[in-house]
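One structure below.
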Amino acid sequence: MYDVIIIGGGVVGASALREAVSYGMKALLLEADDDVATGTSRANSGIIHAGYDAKPNSLKAKFNVRGNALCYELAGELGIDAKRIGSLVVSTKEGLKGLEDLEKRGKENGVDVKIIRREEILRIEKNVADDIEYALYAKDGGIISPYKFTIALADNAVINGGEVILESKVVKIDNNGGKFTVYTENGKSYETKIVVNSAGGHANDINAMLGDEIYDTEFRRGDYFVLDTKEAKNISTVLFPLPDERGKGVLVAPTVDGNVIYGPTSIKVESIEDTGVTGEGLDIIRASVTKSYKCPNYRNVIRVYAGVRSIVGGDFVIKWSDKVDNYFILAGICSPGLTSAPAIGEYVAKEIADRLGKKEKKKLIPNKRTKHFASMSVDELNELVKEDPRWCKIVCRCEKVSEKEIVEAINSPVKATSVDAVKRRARAGMGRCGGGFCAPDVMEIIARELDIPLTAVKKGGKNSNIAVSYVKEDGIDV
Amino acid sequence: MYNYDVIVIGGGSAGMSAALEARKNGAEKVAILERDSRLGGILNQCIHNGFGLHYFKEELTGPEYANKFVKLVDESDIDVYLDTLVTSMTKDKKIVAVNPVDGVMNMTAKAVVLAMGCRERTAGAIAMPGSRPAGIYTAGMAQRLANIDGYLVGKKVVILGSGDIGLIMARRMTFEGAKVLAVLELMPYSSGLKRNIVQCLEDYNIPLYYSHTVTRAKGKNRLEGIYYAPVDENRRPILEQEKYIECDTLLLSVGLIPANDMALALGVETDPVTGSMAVDERRETSIEGIFASGNVLHVHDLVDNVSEESAIAGRYAGEYSKGVRENGRPYSVKASSGVRYALPQKVYSGEGKVKIFFRVGNIYKNAKLVVKSGDNVIFTKKYMILSPGEMEYVLLDKSSLSGDVSIALEV
Amino acid sequence: MDRMETICIMCPMGCSLTVESDGGNISVKGNTCLRGKVYGENEFTSPKRVVTSLVRLEDGGVVSVKTNGLIPKSMIGDILRTIKDVRVKKPVHIGDIIIKDVLNTGVDVVATSVREQ
């Protein structure tokens, strides 16, 4: 019997799992897909928001501000990067009023913000558009890799005794008053005292299983361009336009891994699965970016992607169910959900701990920071290669990822079993060739490490096998 | 320990040719640094025939062509470092390279030849709309999985782009058990060889749709199909005429990009059209002692031309390592009026002949090529047809040079 | 009357050829030179190709092969299906005969790459 089962391996679920573990709970996270961070937590802006944008006294404001501090604090323990590079909301002369409103809101939320003029803006970011006169500067704005953050939280939970079971889509939950039985698609079942719904865009499906309220949910897609690392020299902070009713607008920002992103859009879609980029979306970005940023360069685009966020009313839903005892609901965790996640996890775990009468919070063992060939000194490399020559066998030439890193990614606490899962951890295939050169090598390493045939290696997700058969296995129609 | 006269980066057709020629022309210690576990580069996966007609006067497959050079390298005293990646290079030719056997190597060279080839443009780079399920690959990746590893990436295939790799893969997929439903080409013409259009598509009744492109991919984890549409004169899809094909695979053959990032990072001068290094007739870049040849410089249609060009780079890199310097008077070479680019971008006065490769920007019939040096017309030639898919060359007398060279078309 | 349309591959012109036969005489239209006429006639009467493909190795993997001469275009499918059932033992070297006189064409299927033990 588990103390708690968390349904959904996004950043919020992973954070809740890790916090639950710190209270000594027997905790399990069930994820439908073959890796954590495959939904909204994979495809967003990766921004650590300072917290000036949310309405004062809202859950968004509360968790954003606390989450901001926690993101930077946790990064070290989790062995990942969080960079406090500051953020600018920029405007022309006409936008000053809007900035002042934001500044006021920020101060009410307890965020360090100030309005600065062009001269000072240029000291922070030289490439703002020529007609930008004012900006709201938040020094605590920053960047983080949303999927690495999620994976690191889940890994950390696992090394501290939590469990993550992948490819376990929840299809039914029995509520026997004081005990839930959670059934998964692959025929397994798990018993628990408490259920946490962190299924993101699928939150209503879980609510329906327990006869709980179905939320009126809006899905919005955000499209993005990803640019080559060559573009990183042109942008040093997070650059937002003035927000409007649809959201924070199209931003330009570096990523922690050295790329640059332009995006997102905010386009209404039917479902959480509608993650296909559209030409229309990309045109919106092209038209918007130039308003704040002087030197967009689409020649250096290496990838486009889109993510869908779910919106329930104007605020997050973070509460014990009104209808079902011991059922905790997290829904509508859209922006600033990534920043808020560690604070939400902290809050949820505390709520559950109180209910279970668990008071002691233990110190968690930190993650080992994974070593990367690309950021190692020659001396360090010379030492490591003596122990294991695979440190100097480069598989991904664009991002300089060694075979050793790929093997370590595959065998990490939450195992990477697909090419995409390896890519999210080790960055093999993240570069300009899009994995064209290294994907077959990565496939071979996965097949070897997991002892499966090459035809069983997936890109990511059900039926996503890359090599589908041997040559000439079927008939030849010539 | 790792001090060389000439270091060649890349062990494909360009690298092997350059290394052999450098060794013959003065360089005593020559090394090839190759990232793969064997020499030959991308030729190893080009198992179709049609290579070598110019260079060896016989028709060979890619691996056979490569092997002729591999044998010569094996018989030579050139040091070959396999599984080796160059991680940094400086203008004064200090190279850091790694491999699992030697670890980190600090190397020096008197001259360097860059022969890293090219990479394929991806769905991401062309910002193709739609989802990103399994089933969308560059043609070259599908080629590698089939021809080296023996696996098919899908059974119902659409190919975007009618460059040679796309055409070759249409036939390969057909031969190995897949059904190729269509080839879509954005342009009103193919940049592939005529022979490949006939022998890879027509022979197997594979339709080729000109002025068409993929408008979006459909499918969550595995490709289910693609939407495609004709394009207008600005190459924007006409969405009202969008159609759907069910398929499990989309192969992309939408262009090759020189893998020159390391050289560009050194601040080498570039040609805005090729997007790669500008070189002189010896294939020396703007950085002294750093030479370049093959697809890292500009994308060739025929490997025969890569071998020839690389022999030039290798020869002069070898001579450079022995202190030989060019002392002719330099003239720039500029392409204009219909000629998209010309290479080399710099020639010298002197004796003998110099070959200038060029590529046109459109299909031209009955066009006259005019080459001027200063104000003098030094060469003209009439062509019945010139096509962007076929690299052409002119041979100029160096003694006729009296000023900067311009190469233009009169239609 | 038989009729065939194709593109001449003898040069980049790529003339669109129409080849017709009334049983005896063959006429080629659309060509702009003599090479095009000869090409059109050959493609019409007895088109030939070199076939390149892959043969499976006994213990996994493949090795590339080709016909070491031209074979009739109409036999490509049958040759591929013959190759499909063959399994080869390593080592394989360039030029090794994989199938001798394939389907009585007088042409061998030979290895075109190396697969060492």
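Think of it as A, B and C in the order they're written, each chain with its own count starting at 1.
In this text, a contact is a pair of C-beta atoms (placed from the backbone, for glycine too) under 8 Å apart; a residue touches a chain by one contact, two chains touch by 3 or more.
Predicted model, so just to flag it, every value in this text is computed and none were measured.
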Central chain of the complex, centres being mean CA coordinates: B
Most widely separated chain from chain C, with each centre as the mean of CA atoms: A
Distance between the centres, which are taken as Cα means, of chain B and chain A, whole angstrom: 38
Inter-chain centre distance, chain A versus chain C - centres from mean C-alpha coordinates, in Å: 53
Separation of chain B from chain C, taking each centre as the mean of its C-alpha atoms, in whole Å: 26
For chain A, residues contacting two or more additional chains: 470-472, 476-478
For chain B, residues that touch 2 or more chains besides their own: 146, 148-150, 175-176
Chain C residues counted as touching two or more neighbouring chains: 54, 56, 62, 76, 80
Of chain B, residues touching chain A in the complex: 35, 83, 85, 87, 96, 98-104, 106, 119-120, 122-125, 127-134, 137-138, 140-141, 144-146, 148-155, 174-177, 179, 204, 215-218, 220-222, 237, 248, 261
Partner chain B, residues of chain A touching it in the complex: 225-226, 230, 273, 275-279, 281-282, 298, 301-305, 373, 378, 381-382, 385-386, 389-394, 397, 400, 432-437, 439-440, 444, 454-455, 458-478
Chain B-touching residues of chain C, taken from the complex the two chains share: 6-9, 11-14, 32, 49-54, 56-57, 60-62, 64, 66, 73, 76, 80, 94, 112-114
Residues of chain C defined as touching chain A within the complex: 54, 56, 62, 76-77, 80-81, 83-84
Parts of chain B lying in touch with chain C, wherever the complex brings them together: 44, 47-49, 59, 61, 63-64, 67, 146-150, 175-176, 193-195, 197-199, 202-203, 384-387, 389-390
